[in-house]
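Naming follows writing order (A, B, C, D, E and F), and every chain is counted from residue 1.
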Amino acid sequence: MLLHLSTWPEVDRYLAHRQSIILPIGSTEQHGPTGLIGTDAITAEAIAKVVGEQTGTLVGPTIPVGMAHHHMGFPGSMTLRPSTLIQVIRDSVLSLAAHGFRSVLFINGHGGNINTVNAAFYEIYEEARATLGDAAPALRCALCSWFALPGVGALQAELFGDREGLHATPSEVSVTQAVHPDHIKTASLDPIAPTAGAFHDSRDFRARFPDGRMGADPSLATPEHGHRFIAAAAAEIAERYGEFLAGA
Amino acid sequence: MLLHLSTWPEVDRYLAHRQSIILPIGSTEQHGPTGLIGTDAITAEAIAKVVGEQTGTLVGPTIPVGMAHHHMGFPGSMTLRPSTLIQVIRDSVLSLAAHGFRSVLFINGHGGNINTVNAAFYEIYEEARATLGDAAPALRCALCSWFALPGVGALQAELFGDREGLHATPSEVSVTQAVHPDHIKTASLDPIAPTAGAFHDSRDFRARFPDGRMGADPSLATPEHGHRFIAAAAAEIAERYGEFLAGA
Amino acid sequence: MLLHLSTWPEVDRYLAHRQSIILPIGSTEQHGPTGLIGTDAITAEAIAKVVGEQTGTLVGPTIPVGMAHHHMGFPGSMTLRPSTLIQVIRDSVLSLAAHGFRSVLFINGHGGNINTVNAAFYEIYEEARATLGDAAPALRCALCSWFALPGVGALQAELFGDREGLHATPSEVSVTQAVHPDHIKTASLDPIAPTAGAFHDSRDFRARFPDGRMGADPSLATPEHGHRFIAAAAAEIAERYGEFLAGA
Amino acid sequence: MLLHLSTWPEVDRYLAHRQSIILPIGSTEQHGPTGLIGTDAITAEAIAKVVGEQTGTLVGPTIPVGMAHHHMGFPGSMTLRPSTLIQVIRDSVLSLAAHGFRSVLFINGHGGNINTVNAAFYEIYEEARATLGDAAPALRCALCSWFALPGVGALQAELFGDREGLHATPSEVSVTQAVHPDHIKTASLDPIAPTAGAFHDSRDFRARFPDGRMGADPSLATPEHGHRFIAAAAAEIAERYGEFLAGA
Amino acid sequence: MLLHLSTWPEVDRYLAHRQSIILPIGSTEQHGPTGLIGTDAITAEAIAKVVGEQTGTLVGPTIPVGMAHHHMGFPGSMTLRPSTLIQVIRDSVLSLAAHGFRSVLFINGHGGNINTVNAAFYEIYEEARATLGDAAPALRCALCSWFALPGVGALQAELFGDREGLHATPSEVSVTQAVHPDHIKTASLDPIAPTAGAFHDSRDFRARFPDGRMGADPSLATPEHGHRFIAAAAAEIAERYGEFLAGA
Amino acid sequence: MLLHLSTWPEVDRYLAHRQSIILPIGSTEQHGPTGLIGTDAITAEAIAKVVGEQTGTLVGPTIPVGMAHHHMGFPGSMTLRPSTLIQVIRDSVLSLAAHGFRSVLFINGHGGNINTVNAAFYEIYEEARATLGDAAPALRCALCSWFALPGVGALQAELFGDREGLHATPSEVSVTQAVHPDHIKTASLDPIAPTAGAFHDSRDFRARFPDGRMGADPSLATPEHGHRFIAAAAAEIAERYGEFLAGA
């Protein structure tokens, strides 16, 4: 059940028995010479839809632009400042809380969002505590980055070994190829991309990773692999959904 | 050309000859008993895509949640505060400006966004003036609300007369039916919805418009009408795109 | 009754029977070679006073500086960023709400304020909803731009025809001449000022409108016309004041 | 020379030889049973006008609402939060700096503004340093509270002795009577008002100072005294204006 | 009793009988050629500890960085913007208020903090009023700058006469020598430092006070003097602590 | 070399050959029945001092209050909102950058700070990019949480096995005992503390971890162990300091 394809009476009925919602969050940023700029939003949304189906959970709108400062050296990348993204997360969660939603699971496609989204959860909790005190709703916010799930990691290793890398990876590119098989891009790529993981600002990032890839060989991507990643990630999240609900 | 389905080298090549981009902006809010909660994002995105094709303009990610406080009395509605939305618009435009984009056309599906998005443009211009002075880029931001275009208004009048109304209208519902023909909702509706246009906060809105419609009869919507609205709106925007570029 | 010329016991007595207040809002910005920089505050305040008298409504302090980025290319213009003006409106309204005021009518002299002030109303409503929930006061905020009232438009057309223009207009200059007959400025003006209405930032504005006028011929202004505009605008607002109170 | 009664070409000519401006700042707050709610704005503006005349300095618009939280227990009082007032001061000063103004003297009528306005100056300086570095304009901001000038203090002592008090004082009420002789309010006042100067929040203030006065006997006020205070304060500020310009 | 050396059950027991806390606030900024950059935090903390012992009051963590824009022309100086420091003070006080603390005395070592910290108190009070109304806790915040206490002033005059000056003073340097006798710095100093007290931004400050001292001769400092200042300041604050509690 | 015990000429000389600085960051929060509320600041500062000595790096002031919302259910805990802490980090780093510092290593004692501090780094980088563009300084910010270093983990396992736990751990308590051997607290503790790691807001935390400990047995702490942890953590950070400088 997708929020944007539902009516308010349908949501009203949903809330009568369930107070959970999933929000996909992605990014709009370079993904190397062949990766789509919308990769992180596309992957998060695709996986969230399947999780929603498997668990009977409502899925809200995908946040398309995240915190991607470090990719700003490449044309087409967009970023919110962390302080802006915190307010977007806050307003989104508090809007949902007003209707009775009590648990919000963000399914995330972009590593650069992790710190800021987690910080946002505490911004929300602390504001609720300070203004509402004991009357604050018992909100449970959680973030799940699909690409870092153990089962997904096993599949990455099985299919791509050390050519998976850290950015513009064959696993995420595979997912976008599964979703958009008519938008598969090719380029002649040096199979060896720089692998050093650390970087500072966006200029530093571009200097270290000239074509945008971090140790990844996205030429290994296929739509078939993508379908396997969607299935694996969704199954793992669905299986662990109860943990989230339990706050465990 | 869609930004999220492009690679950074493709954007790089685009920027070599053109510095315009379109950003659709919608809302996530109730649209009456049969309208989709994502209506305003769906319509803005659908029309923006066609405008992009007809004018050869890049189309960026859709902002899915806008300023919809007044709909918060209905389950599933989400809103950003105006102050948050201003920062989202600001960060989005300044991200694009960093790559050389100089004109940003927001194609808008929600009346409630108009004031805030226009305020955001001046937030951007004033910050650029104050921090960069004469070195500020010559940015041109504009907002086009498809539902308020003259040609669209003529079609609304022709097809629906005074049953078009102001919210959850048959024209916008038609567009969502054209885009998502498998998500057409029906309900037994009182054909007469309250038509008084003014309201204050979200409680006042719900008291005045109990099922969420404002003077609209969305039972008149059809996918065919939707295709006509998409075509009409896109053609009108495409034709006037030059005006925007000229700042006229 | 003017708030700044009242005592707190007088306000206390007023609140016992009436919870409405008027706040004039202007701008401090260039108004062409002969228009006063304080034009928009002067006009809003003059008209608000008469409305206050005719309707028995308290009139609060005039906000003298508004959102006037686009005039910053001309010496003496001042502007608040939209984000600052939103907070000023918010604090002003919430201060008044604390005493029991429930409806606040802003009488506005400057087109550039419209988007931001309307956005501010939703900032207020949404913050009240999020922090106070059902205990939020039932506030009714509205904005009335005197220069855009139908009756005022008819008078503009009658007296000045197409020489009224859009900025530094003979109608607003007339009002300032009526209020400050000892500060009538003259200059040799090209009767034809550029009329294109669209512009982007402050540099673009100055380039398009070199002397600050937008299609206006303020040499037609007279104090007598000014008195007529004050009377016409005030009467129209006073007559429609009930609509505002009814939220209609 | 008053900014709001000037045209932009007049300001342009002024700036060719002088880069100073005066901004009056007041408050909208209770001033006891007989004091006007606009007292602090009225007094600051009246004195600023005379200083402007005597020193040939431009006088900008009066900031009518200041930081008056502690008076919020009395109907009609309005306040900006300190964080809002800081942004208002910042935007005002940076607007003027954009035109070439380099020194801004705030003539202040309200003790409650002092901390916030001084904090705002450092907000401005620090932002300019951080964003513009050595290119930051050499701004000189200063605050002068007329009621705390030594010469004014001598006159307060001479005319009212220990009945001057700290709030709703006969000196400030006298000034408003001089400016608005047709708005002199009377009430039967206990000549002895609580004199303890310390307080915390607005409830504490009202509990300590039940009718709003702090140790003051405003029944001693006369318009004649008011004219003397305006003259004395203005002369003292005008005489010391050079110190301000010298930054001494 | 120091908060950072206590456990939560100890604080719980403390709160059962007393709801006061002391927070030292300093600065990290140049103090002339021989003064420590941490001077203001060191002095505030040292004195606060003794006050805490003498009055049985809990002492919280020292805020080490304050508002020191004007010292930014000298290496090693750090500053918070006033707007940031206001939020730090707000969050600190509201954290403590959540546990039942009702009076917070800031013992301050830096003149540059005074305006901002006092502004912060009103930010707190006003936010509590606006969001909590009558349910807001009765908070009492106060700021005591040890170096400006009357008794301390007498000792400064007795020991150093007019060589005390205004910044990098022998009194504050003496206190740091008492606390850190192994970090006494010496340099050949011109005994005459510029004494003009007024300045604007950090460049202006450095131009007027080239080595960072303002009219002070810190070569007069000794650890023995420092012990006397600590004792004198602490005794004076402890004696007047009741005034603070009474809000007098 | 400690910044607060240095003079500005000493910092000036330091900067001539080195542009690195260390900032310890802690928290003020409950650490179980026997742990000090200042634990995280004490540990971070103690380890940072040794790192500073071993690497010849300047150590700045300790940030004593961090992001500790989840501990607010226990008396004495203090927290900054994430949005406030981001501004504190921003202002601190930009202050240092103004003097020529180019790398800032935060040595962190509190897990709850990690997300927010990392988010702050991108706030800084993005603001610098947006306002300064290519002229932005090449800043390198990094965060090192001493308790999560591999070598420290090995020592935790060796000394405490699975009784180390996650909060109020014997390792951190040991460090505070080494630094403050005169403030060792004891209590009769249930050796088994709840170990579930997940929690949501501060009420949820207190419900899950009633005495504040998370799976830890701090009764195993000794000052001797503390000295070993300080040495091990410092040595590991010092050894890897080059990686940080290289951005590796």
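Simple rule for what comes next: contacts are C-beta pairs under 8 Å (C-beta built on N, C-alpha and C of every residue); 3 or more make two chains touch, one makes a residue touch a chain.
None of these values were measured; they are calculated from a predicted model.
Can you tell me the least number of steps between chain A and chain E, where a step is a move to a chain it touches?
Shortest path length, in steps: 1.
With centres defined as the mean C-alpha position, give me the chain C-chain F separation in Å.
It comes to 53 Å between the two C-alpha centres.
Express in whole angstrom the distance between the two chain centres, defined as the mean CA positions of chain B and chain C.
Between these chains, centre-to-centre, one finds 29 Å.
Would you kindly tell me how far, in whole Å, the mean C-alpha position of chain D lies from that of chain B?
Chain centroid spacing, chain B to chain D, equals 46 Å.
So which bits of chain D are touching at least two other chains?
Residues 72, 79, 81, 83, 98, 129, 131 of chain D touch two or more partner chains.
In graph terms, nodes being chains and edges touches, is this line, ring, star, complete or other?
Shape of the chain contacts: other, as it matches none of the listed patterns.
What is the complete set of touching chain pairs?
Here the touching pairs of chains are A-B, A-C, A-E, A-F, B-C, B-D, B-F, C-D, C-E, D-E, D-F, E-F.
Note which residues of chain D are touching chain F in the complex, please.
129-131
Touching residues of chain D toward chain C in the complex: what are they?
2-12, 15, 28, 30-38, 41-42, 60-65, 72, 74-81, 83-84, 87-88, 90-92, 95-96, 98-100, 180, 183, 185, 187, 212
Which residues, counting only chain A, touch chain F once they are in their complex?
67, 69-70, 72, 79, 81-83, 86, 112, 114-116, 118-120, 122-123, 125-129, 136, 138-141, 196, 198-204, 208, 243, 247-248
Using the touch definition from the top, list the residues of chain B that touch chain F in their complex.
94, 98, 131-132
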